[in-house]
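These are the structures, in structure tokens.
In the two complexes below, chain A is the common chain; its partner is chain B in one and chain C in the other.
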Partner chain A sequence: MFGFHYKLERKAISFTLAIIFVASIGGLVEIAPLFTIQQTVEEAPDMRVYTPLELAGRNIYVREGCYACHSQMIRTLRDEVERYGPYSLAVESKYDHPMLWGSKRTGPDLARVGGKYSDDWHLAHMINPRDLVPQSIMPDYARLLRTQLRTDDLGRHLKAMRAVGVPYTDEMIANAAADAKGQATPDDPAAEGVTKRYGEATNVRAFDGRPDQLTEMDAMIAYLQILGRLTDAAYKTAAAPGR
Partner chain B sequence: MSVEQRDPHSGYLTTGHEWNGITELNTPVPRPVYVFLILTVVFSVVYWVLMPAWPLGSSFTKGLLGADDRAALARSIQQATATRSAWTDQIAGKSFAEIEADPRLMADVRRAGHTLFGDNCSVCHGRDARGGKGFPNLTTSSWLWGGSPEAIAETIRVGINAPHADSRVSQMPAFGRDGILKRDEMENVVAYVLSLSKPPALGDKVAAERITAGKAVFAANCVACHGAEAKGNPELGAPDLTDAHWIHGNDENSIYADVWGGLKGQMPGWEGRLTPIERKILVLYLIDLRSKRP
Partner chain C sequence: MIGQLTRTERQIALVILICVAAFGLAIAAAGKDDPIGAHGWLIMVLCIFGVFGVISGYFAPEPSEERLDSYYDEPSRVGIVLSMAWAALGLFVGDWVAWLMVDPALTFDAAWASYGRLRPVHTTAVIFGFGGNALIATSFYVMQRTSRARLPDQLSPLFVLLGYNLFCLLAVSGYLLGITQSKEYAEPEWYADLWLVIVWVTYFVVYLRTLARRKEPHIYVANWYYMAFILVVAMLHIVNNLSVPVSFGSAKSYSLFSGVQDAMTQWWYGHNAVAFFLTAGFLGMLYYFLPKRAGRPLFSYRLSIISFWGITFLYMWAGSHHLHYTALPQWVQTLGMTFSVMLLVPSWASAANALLTLNGAWHRVRDDATLRFMMVAAVFYGLSTFEGSFMAIRPVNALSHYTDWTVGHVHAGALGWVAMITFGSIYAIVPWLWKRERMHSDRLVEVHFWLALAGTIIYVIAMWNSGIIQGLMWRTYSTSGTLAYSFVDSLIAMKPYYIARAIGGLLFLIGGLVGCYNIWMTIRTAPRGVSEPSIAIPEAPLAVIPGRPGAAPQSAE
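Up next, the complex of A and B:
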């Protein structure tokens, strides 16, 4: 019964190749078709890219390890949809590299947190979560308010994103640093460029309450306020109640 | 290596390997392992037929059971809505006063409202709705934009200084930062405002002078929104300065900071995030919280 196997076992190279062949069948069948099946990623023509400031905030989110406690993925379960809003669609993380769906919720899911609370709340909550939610165990991030945001490398970040498929234009890349500053400084002439390049619906505000400074807090709050708001596609699904 | 040797003691073949006189038995794989292997293969074939499984280029086999997480979710939401409609229909159809007079409906409001408030409002206004610094206490009779059920419903719908098109809009100027008032004028007006809710000790001449001077500053700069009596104006979202309720603190430093830098409180609008019925439940929940307080 094992005659064939005994022979195979004695040929190291062939046996290795045979193992690779058999193990790759699962991947070929389960993963490869995701690139060809039409309904894997939904169509969302209104999907916009992250602005440089939001992308900087996203990088801080990754740096601080926020994803370890906060997921960004509302599953197709009734309790999640009733608590957080319409379930997450694949297209909503189309421009997320890497995606931050997460698998652990020590804190609440953040997929639809954009616009749910005010900038003031986010600021106060980052400085000391216990001031607002006494039972919170989230660490405080007051230092983000004391750290100036590094903007000189933002153009290169955008370029890297473009290399993996995010449609940033040359103009966006060239103006990345100015746009980051402009988005957090509503009275600055650079603010106009942000809405021109990224759309009228872009939040242009002094996110940290200080228009004169561009801090990491600006970037962080700008990112949190856009979560779930890059496209309205999810609100057109069956999970969006009669709203 | 390939020499077949049989172990005389157990009767099984050995692998032919030998380490310091110890040889290894080539025991056949036990039969139950084969049985389980066959069972899992059978299971997977059945599963392929019943559930979505095999990719077919731009589509995939849908399975006989028609399993679809999204459709299942839509069904379960529909079911839940139907179950709740027993009382949500009544809440949608009746006026605020009618619902308040109905103890059974109010029990439903308390239950559903507690959850809705916890999920959406409590991070700012607190689990007990008593607010905190910068966020108003919702259990008092002091409401920035009016405390009638209709006014509360509108505030929840559009928000305050929110992106909503009909948002309530209000801003207190930065009297200090923008150079409208001088430092002593601001100190006097703070003394006057404080005296409205906390009368100063009798015979304190310095305080009395500052209050008189502050009253003049108040009349010139603040009455347009806060009113001549400083009782506020719910049309403009200007707070009553004579009561005991303070959103941003009632000590001298806090009030001075508010006058210096101005205020522009924000509340998100909930139209689009909460259904009309959910918002109505929240209004009733807040009215109920308030009425329970003496």
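Up next, the complex of A and C:
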């Protein structure tokens, strides 16, 4: 074996090919089957896609680096299920490009934070976390309330999402900007289009308490309120506590 | 810098700079309503500065033909200076975010100054800025010496180095502007990623062209590691960053993979960025600078073969240990755990090979802080690889994952191993590169060593404590069978450890600044002299150690 290596290390190209070959095996064995084995991702017929407003909120979550302190992955451990809710299923992040499972909990897990607190709570918490949780070390995000949400390019965002496999329809793409406005303006005629396209259960509210304007805060809270609620699959399986 | 280029190379440099400037202008125009526009202008302005730089040196006399008889060290010199500049920035931001976790009010309501945007500035500046520049600078140096061949031309190594720094700059400024794709340790967006592919391919071509001209029949061990570093990082970077941009004028892109497949791909990348950027590359450094500084031949050539191929093969399986108990299928988790445990064998083989090389030179370890940096690095390498294998065991991971223990583990590796071997190598290489007798002050090297070691130990012990306390508090049940602590309870318990961590980081930062000062003074004022035999390319082959076919580096004496 050492004699063979003695020859190999005299040839730069052979050595290069040997490195590529040896280093490729692990990834091929572990990653490729995840795309082909059916059981990897569960079936969830009720799974819906993110609305344009929720997607915009998700992009703000990414932009601000929230994932550095908050995970979105409840592990299959008793204490986590009791603290945060049913453990996360693969299907729940099926439309997450990229996934935001996270690796650190400086703050609590957010995989099932949707619906856990009111919009008002989130608004006050984002403006100053220490007003609600005095010991919190989260930065404040009051400026989201002062920033208008950009909506003119949301159609292109949905289109890019469709290119990577998320089933957005032409109608959804064409109405992306109007749907973003409608979801945060319940009295607006555009609001009806949102429930028509994304389902009756979609949250249509003035998330930041100001129906007259569409801010980044609207998008952020809309996103937080849908976390863990795109499908009920986790509540129908062994993941749910008490089953 | 320009004086070392031939006339033709100066012309090519101008063409490259003008092309990249035009590309920057195109991005700036297409993305005028998007954060990417700012990057377009940045690229263009930097390239215009570059054009002026080349023009100002354009009519300088061409380098003589005699240059071909000596090594080409200009890129290494520039790389070492850039590396230390990035170290100062990265360590400073690191300590800043550490204080943000003590007092979150330090963000003064500015978007760029919040924790979430500054944290990737810290990680990118230290890993890619400090570590990457040191790797590129030392790899050019080591490759030439161990091959007895000069770099193939004057321009392409400089292109690699400066192009790489453009990538780092786009990355770091992007986070402050809110441009990130959120993939840990791969945050830069699609256009910066494409640019890095061009730079990286050029880097490997430079490597192969130099090796093709080598006068040594064997490729020395250090080069195996540098080659694995370049090749595998290219594979990881390309696969992990596959994405569809929203448009040419938008910084935002959507990752090709989603959910569970994306998680596995990201940690396949993330863990092997640790393996091939933060381990393989720095082992290349270790295998050259430690024997050379100690004046001892490498302990075992065969051990280095086993550990090299062990690391190259086993590491690629280990990424899934970042996803224990998640929605990733259990068979992948189990494979990841198994290979992580096996990984201890080649890791400890490397650490042992380094420490046993020091046999017969321990008196130098005592007297020479530079060599002591390298020795401590090897010890921390052994410690953190053991800790890593341990934490990859599923039930241990149940406790450690999501806690500060992971942060402590990463810093045992990053401060104790990566930064220590880099500082040791830099203190060895600076007098050689600038042809000085010695460093400006050996005393200050000693000061830096103790500050770095104290800072690392305080940091790591603080994070071990906070991490284990966190993990235990989250899973503690009261006698009535309910969870005993709220999340906020665990946060309150962290406070003293977060203060200790920030102090440890501060010591490490001060050490780094002392190093910057010392290196600067060495370049500016230390007496000229020769500390290395010669920069001329030797005619005779390097000393071959009996019984070991690989050519070991010559002793420093």
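Quick note on the criterion: the second predicted complex is superposed on the first by the 240 of 243 C-alpha atoms of A that agree within 3 Å, B and C clash if a C-alpha of one lies under 4 Å from a C-alpha of the other, contacts with A are read in each partner's own complex, and residues count from 1 in each chain.
Here, a contact is a pair of C-beta atoms (placed from the backbone, for glycine too) under 8 Å apart; a residue touches a chain by one contact, two chains touch by 3 or more.
None of these values were measured; they are calculated from a predicted model.
In the superposition on chain A, A:R83 makes contact with both chain B and chain C. In the superposed model, A:R63 lies in contact with chain C only, and not with chain B. In the superposition on chain A, contact of A:A174 is made with neither chain B nor chain C. When both complexes are overlaid on chain A, the residue A:T36 reaches chain B alone and has no touch with chain C. Contact with chain B, but none with chain C, is seen for A:A124 once the two complexes are overlaid on the shared chain. By the touch criterion defined above, A:V133 lies against chain B and chain C together after alignment on the C-alpha atoms of chain A. Looking at the superposition, the partner that touches the larger set of chain A residues, chain B or chain C, turns out to be C. Shared-chain residue A:A12: touches chain C; no touch with chain B. Within the superposed three-chain model, A:G165 lies in touch with chain C and out of touch with chain B [touch as defined at top].
When the two complexes are overlaid on their common chain A, residue A:A23 makes contact with chain C while staying clear of chain B.
Shared interface residues of chain A (contacting chain B in one complex, chain C in the other): 29, 37, 76-77, 82-83, 87, 133. Contacts from chain A toward chain C in the complex involve residues 2, 5-6, 9-10, 12-13, 15-16, 19-20, 22-27, 29-31, 34-35, 37, 39-41, 59, 62-69, 71, 73, 75-77, 79-80, 82-83, 87-109, 129-130, 133, 135-143, 153, 156-157, 159-161, 163-166.
Across the interface of their complex, chain B is touched by residues 29, 32-33, 36-38, 76-78, 81-83, 85, 87, 115-121, 124-125, 131-133, 235, 237-239, 241-243 of chain A. The residues of chain C lying in touch with chain A in their complex are 100-102, 104, 107, 109, 111, 114-117, 119-120, 175, 178-184, 208, 211-212, 217-219, 224, 227-228, 231-232, 235, 239, 243-247, 250, 252-266, 268, 302, 305, 309, 312-320, 322-329, 332, 335-336, 339, 398, 401-403, 406-407, 470, 474-475, 477, 482-483, 487-488, 491-492, 549-550. Listed in rising order, the residues of chain B touching chain A in the complex are 54-55, 57-60, 69-74, 76-77, 80-81, 119-120, 122-124, 126, 132-135, 163, 265-268, 271-275.
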